[in-house]
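Sharing a structure here in structure tokens format.
Naming follows writing order (A, B, C and D), and every chain is counted from residue 1.
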Amino acid sequence: MKTFEELESAVRSYSRGWPTVFNKAKGYKLWDTDGKEYIDFFAGAGTMNYGHNDDTMQQKVIEYIQNDGIIHSLDMGTTPRKEFLENFKEIILTPRKLDYKIMFPGPTGTNTVESALKIARKVTGRETVISFTNAFHGMTIGSLSVTGNSFKRHGAGVPLHHSVSMPFDNYVENHDSIAYLERFLEDSGSGVALPAAIILETVQGEGGINAARIEWLQKIEELCKRWDILLIVDDVQAGNGRTGTFFSFEPAGIEPDVVCLSKSIGGFGLPMAITLIKPEHDKWGPGEHNGTFRGNNLAFIAATEALSYWKNNDFEKEVQEKAEILKTAVSTIIEKYPELNGEARGRGLMQGIAVEEEGLATEICAEAFQRGLIVETSGPKDEVVKFLPPLIIDKVGLEKGFQLLDDSINYVLNK
Amino acid sequence: MKTFEELESAVRSYSRGWPTVFNKAKGYKLWDTDGKEYIDFFAGAGTMNYGHNDDTMQQKVIEYIQNDGIIHSLDMGTTPRKEFLENFKEIILTPRKLDYKIMFPGPTGTNTVESALKIARKVTGRETVISFTNAFHGMTIGSLSVTGNSFKRHGAGVPLHHSVSMPFDNYVENHDSIAYLERFLEDSGSGVALPAAIILETVQGEGGINAARIEWLQKIEELCKRWDILLIVDDVQAGNGRTGTFFSFEPAGIEPDVVCLSKSIGGFGLPMAITLIKPEHDKWGPGEHNGTFRGNNLAFIAATEALSYWKNNDFEKEVQEKAEILKTAVSTIIEKYPELNGEARGRGLMQGIAVEEEGLATEICAEAFQRGLIVETSGPKDEVVKFLPPLIIDKVGLEKGFQLLDDSINYVLNK
Amino acid sequence: MKTFEELESAVRSYSRGWPTVFNKAKGYKLWDTDGKEYIDFFAGAGTMNYGHNDDTMQQKVIEYIQNDGIIHSLDMGTTPRKEFLENFKEIILTPRKLDYKIMFPGPTGTNTVESALKIARKVTGRETVISFTNAFHGMTIGSLSVTGNSFKRHGAGVPLHHSVSMPFDNYVENHDSIAYLERFLEDSGSGVALPAAIILETVQGEGGINAARIEWLQKIEELCKRWDILLIVDDVQAGNGRTGTFFSFEPAGIEPDVVCLSKSIGGFGLPMAITLIKPEHDKWGPGEHNGTFRGNNLAFIAATEALSYWKNNDFEKEVQEKAEILKTAVSTIIEKYPELNGEARGRGLMQGIAVEEEGLATEICAEAFQRGLIVETSGPKDEVVKFLPPLIIDKVGLEKGFQLLDDSINYVLNK
Amino acid sequence: MKTFEELESAVRSYSRGWPTVFNKAKGYKLWDTDGKEYIDFFAGAGTMNYGHNDDTMQQKVIEYIQNDGIIHSLDMGTTPRKEFLENFKEIILTPRKLDYKIMFPGPTGTNTVESALKIARKVTGRETVISFTNAFHGMTIGSLSVTGNSFKRHGAGVPLHHSVSMPFDNYVENHDSIAYLERFLEDSGSGVALPAAIILETVQGEGGINAARIEWLQKIEELCKRWDILLIVDDVQAGNGRTGTFFSFEPAGIEPDVVCLSKSIGGFGLPMAITLIKPEHDKWGPGEHNGTFRGNNLAFIAATEALSYWKNNDFEKEVQEKAEILKTAVSTIIEKYPELNGEARGRGLMQGIAVEEEGLATEICAEAFQRGLIVETSGPKDEVVKFLPPLIIDKVGLEKGFQLLDDSINYVLNK
């Protein structure tokens, strides 16, 4: 650990909470250099939905390298890019009756969000973007301007502009946040300009595992249509099957104008992101948004392989079944430990327990790490213990993980 | 190509200029799916300095995957991260008597620039950053605000703030751009606030292969010191040996407060970036800047291997010798084709020929592509033919490339 | 009228709604060049609270000019400035147990608002200012950024920054706007930074005669104290006795950190404004805010005379009695004409009737003008008929005015 | 003075430099309450061009009040407004072959500048405005964003946007500031967007009495025409005859798209401002810019009277003769006191002496005040002694003033 402390910038964070050196990972397990095994309830913050080192992906990636496949290619045409495009169209878009142009905006979540904001502003000729309380969309200035967290925002070092923060679903008790938003939009004296876009996560991952109700999402889409506002769904964390369907918004039956995908889209943990844009909004000039790493062919190879999970409904059903198990486990914990004043959050395999006492969630996660469970907090005050196991985890893994969690809570509450 | 046209967003650009599908690459050569061979004078816009598919890197990366090495790890401690940090310190920093904390800001050039701007603003408590005409620093809103190109800036869809554009070296004929900058800084009525930082590329890659004179760089550092301004060198394209030394600023003997590295730092073409920060400026709070793909272990593996090129001075000398060959080749072309009104630009293996007639450079590059040479334009009007061969290219490769270029120019001028 | 149409800019507005040329005014009456008499229910948008051409003010102003009194003096010391300061302290501040430093920020409402925003930002070191839906604070960029009206905001030609619009009292039916504001302030993930100040009008004049409830004002003050936010009351239109007390916020018992006064503070209709700042917040450097017309001595002469209305409680009581008459008149109209779907708004001598049908309020005011009543609309859709008679109006005047209004409504509804 | 110290805000400035209480003024003289007489070389910072208490203006203003003339009228039609419009057209515009729509933007300099910026942005659909080093355009956020002084800018408390500061004429020795500006405009990679407008003072009053050369003004106009940029001349201080012609730009033969006038336009020292807009640019919607004090009828009465000075060329010739006397006096002082290292600045009756030693100009002005001369400093470091006598001053007054100045310099240099 001394290496990190001495050579790396003070900005490092995970290596503080999980003070060890990892070197191996497979499926839902990780190992550190001492050989200690960890159950993964974190999945690279939603990047390892298909588990670590999937055998087929490993093999395909290795083969590609062995054949001197072109590794880096900006947005040049390459075979892996072509195959990814075709498979994504065929396996994901067509069966869902969705029609999108696919953009490679650079390989990170914040790249796709920045590209989404740009195209929405270009298409509408407007500047304001409405985002929601406790949203997290990324750390570059454009994405940060639609992010809620004050510590992150303050880090910008400059005031953040061209965005307005509106209350997410259930933000104020007994208040309808849609009514509030609607009033601001319809009143020409509201002080909020007609926005280019509304950007949202259907389940806020970093903001506290806040899941919007299905009808709330539907009403937002309706408002967008009524005022000709583009709807951007940032599915970077909640997409790729995390909530039980490939896109998190499928149960709502909505069709966002722009969709941001990253994290698990690459399948194997390699940097990759795409932006989906309705054909009528694809008004980019060539190269109007660019970037060096838009052609990460190794990621495309693995990404294409990952799509095979979605060729039929089996995987989806499996994830939904595990989601029920997770939900039960969460309820059990909350009932068993009333001292937590725990509140269940989330949906699919993206759930959490909000606990009241300040610092308690952090303590629980630290204890869990000691016991071999990788689990992280979320929320503006780190008040939520967040469960994001790889989607491929089995029942044994879920149970083992929850046993470690139970032990940790028990220990922390009684020490 | 139909796949790209039909499925991909209109934003794609390289696949328009080089309309083929690539699938293999080795050293300084690429092949498309028809088996056609191309000489690479582009090197992934400076990402493939060590050539494509370096044997040792291939082997190390494959081995790591085969051993179930952890692929994705945010900023958790991992073995490859540890080894990269130690080697970078030992091979790069220590021998150059440089002392920097190393930050992993996310895996792209724009991530490192955004992190550099943030820390400069935090450290100084100021907001303005001075950048230069024809600078290119990236496409997210923070980086775009210090980028010169009006097409790219316009793409933001919002006005860009907290930055001031000053004339780069030799911007106006017979005018000393340092005198101008100095006057704005010393005059409290200039309308330009004391900036947090000055950010620059020593050789502007996208802006037209404009190489600042060594004494200009030294004067900029002097101004920074006089007014307590942080100096940020964006060495994303010009660094990693491109100009003949590891850092492009070494010949000037300056010590920037912050250095941005990306592109070839990953060695193999995988997304990676680092930000170097003088220890006294490393004032980050934990997680104040973060991102999902800061732990691209495959990139770290290759990056560490790439550092071995710098264990002694041989590689540096080799590159400098090739730079002389390139310089001669450039002069020869300019003299041979007076109709070009060609102007030599750049230094090291980062050179170019500016041609006067609008559209001519683009035509030359298109013709070169037909003949099997990958070479791209640069500059605000795409008026520069830009040569960025992999540093590992041999004389045969350079000569063959220039022969193809010569043929292309000849053809274009006479058709 | 041809002169105005041909020579004046298209921006002119009142000369369109009241297409005549005025030349005389006395008390609550105006006359045009044809000798036609008008009852004034407008009072120069709240500037003529003491009526037109008050005899004593006329005499004092004339005397001063006749004696070659200095007319223009920036912020130099002059006798009228001195006397105003002393009288304002003695007659207004001391009896109300208020302690403020008095600033002359330039002679218009927007000057005082801009100065208030500046000092709040300087004192707190913060940038954001919270304003409210349908607020109107002025037309220069700083004031406009805290103004709600989209037509006015759009006129800026640039995005407006550093402000956040929150719901005014009763903005969304059955929703407690304080709960929203409180939630945004207490939640560090809300996306709204801790503001420098909250700025409000207790009764929104331009925004539709929306009167905040007394307890709402008290809760706002409480929130400001809890989070160390400066409270700015813009009393430009609602102050100077308009609502029945000198300051409009007196019934709430609150003590704003900064108060903006203009319009009737000058007594006679001459440009004047002051900014009241709690001594502990008076952190200005000399000349940090300045302006050529901060020394309008004729205005100071009349302003000092106007203060004599406040030497005892008689005037206050008188105004409150007339306010009751106005309230009754408003109810009577609403009941008499159910077709209006009228809603009573406001308090003191600042009341209005909101009517449902679009364009109807404008039609009523146009008809009233024909019949000799000067009355204007207000609100984001010009949906409110707004009554702002001079405070010195007598019962006869009020009755006559309302008779003309009644006739106008009757005519408009039945034509 | 105690009244000002105790009751007024710390922002007051002139009452510090001239610590007395003025009460009378006539022509080019002022008197304080002790009866001490002062020669006026300041003219209300350019507001009292026609001297204090002009007999005819006094009489007209008094008559108007005595007749119960309407005092305050927003932008309603009134007789004084009508007469001002007609006279301004006939006496000022028509003889100079200028065609402008006249706008009343509110009664201060910063109001007219804000309106000019707005209309330029609306007409062009662009956001950036180019201003110049050491410009002063006003203290509200819009005007401040095009003002150079860092102390004033810092007072905004927020970063100032949508403006770019370019070097004024002669800003950097031996550098052609037009060449810089031209390069930034023609280069699409300059980082400076095509601006909506260029705003300038022909002689910078607050910035140090910097007079642009006539050919510099002509070249600026040419650049504006070439790129379809609006040219705004802020003639608030240099207009109204101050430089020897009614508009300061007349000798250059240019025709700005927008002209800002305030200060002496009111003739008598009462707040007034107008914005002149070429008819083709008068794209305002009714009320898109408004303000309570746009109908200051007393100012219009005096302003109309002031225009009579311009009915023939006599006044113009007189001012130019006095300008020559002033020029000679300035040279004499500079030669007589080589210790000053004095530099002559300005043109017309707007001249100054820049002195090298820090604080010296302030000392000279303070001493002059003691001796009965009102004269102020200017420039970013208060390094210029600035002479702005009323235009109606006679030779005796000029000589007497310069005698007092000479004595003061002599005293200060030898004490």
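Definition applied: contacts are C-beta pairs under 8 Å (C-beta built on N, C-alpha and C of every residue); 3 or more make two chains touch, one makes a residue touch a chain.
None of these values were measured; they are calculated from a predicted model.
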Centroid-based (C-alpha) most distant chain relative to chain A: D
Contact-richer chain pair (by C-beta pairs counted) among C-D and B-C: C-D
CA centroid of chain B to CA centroid of chain D, Å: 49
Computed distance of Cα centres, chain D from chain C, in Å: 30
Centre-to-centre distance between chain C and chain B (centres being mean Cα positions), rounded to whole Å: 58
Junction residues of chain C - those touching two or more other chains: 127, 151, 158-159, 161-162
Overall pattern in which the protein chains touch one another (line/ring/star/complete/other): complete
Interface residues, chain A side, partner chain B - complex: 1, 3-4, 7-16, 18-26, 30, 33, 44-48, 52-53, 58, 61-62, 65-79, 81-82, 85-86, 88-89, 101-104, 106-111, 114-115, 117-118, 120-122, 127, 138-143, 145, 151-152, 155-158, 161-162, 196, 236, 262-263, 268-271, 275, 277, 282-293, 296, 298
Sites on chain C touched by chain A in the complex: 127-128, 131-135, 146-151, 153-154, 159, 161-165, 167, 171-173, 175-176, 179-180, 183-184, 187-194, 207-208, 379-381
Chain C to chain B touching residues, read off their complex: 158-159
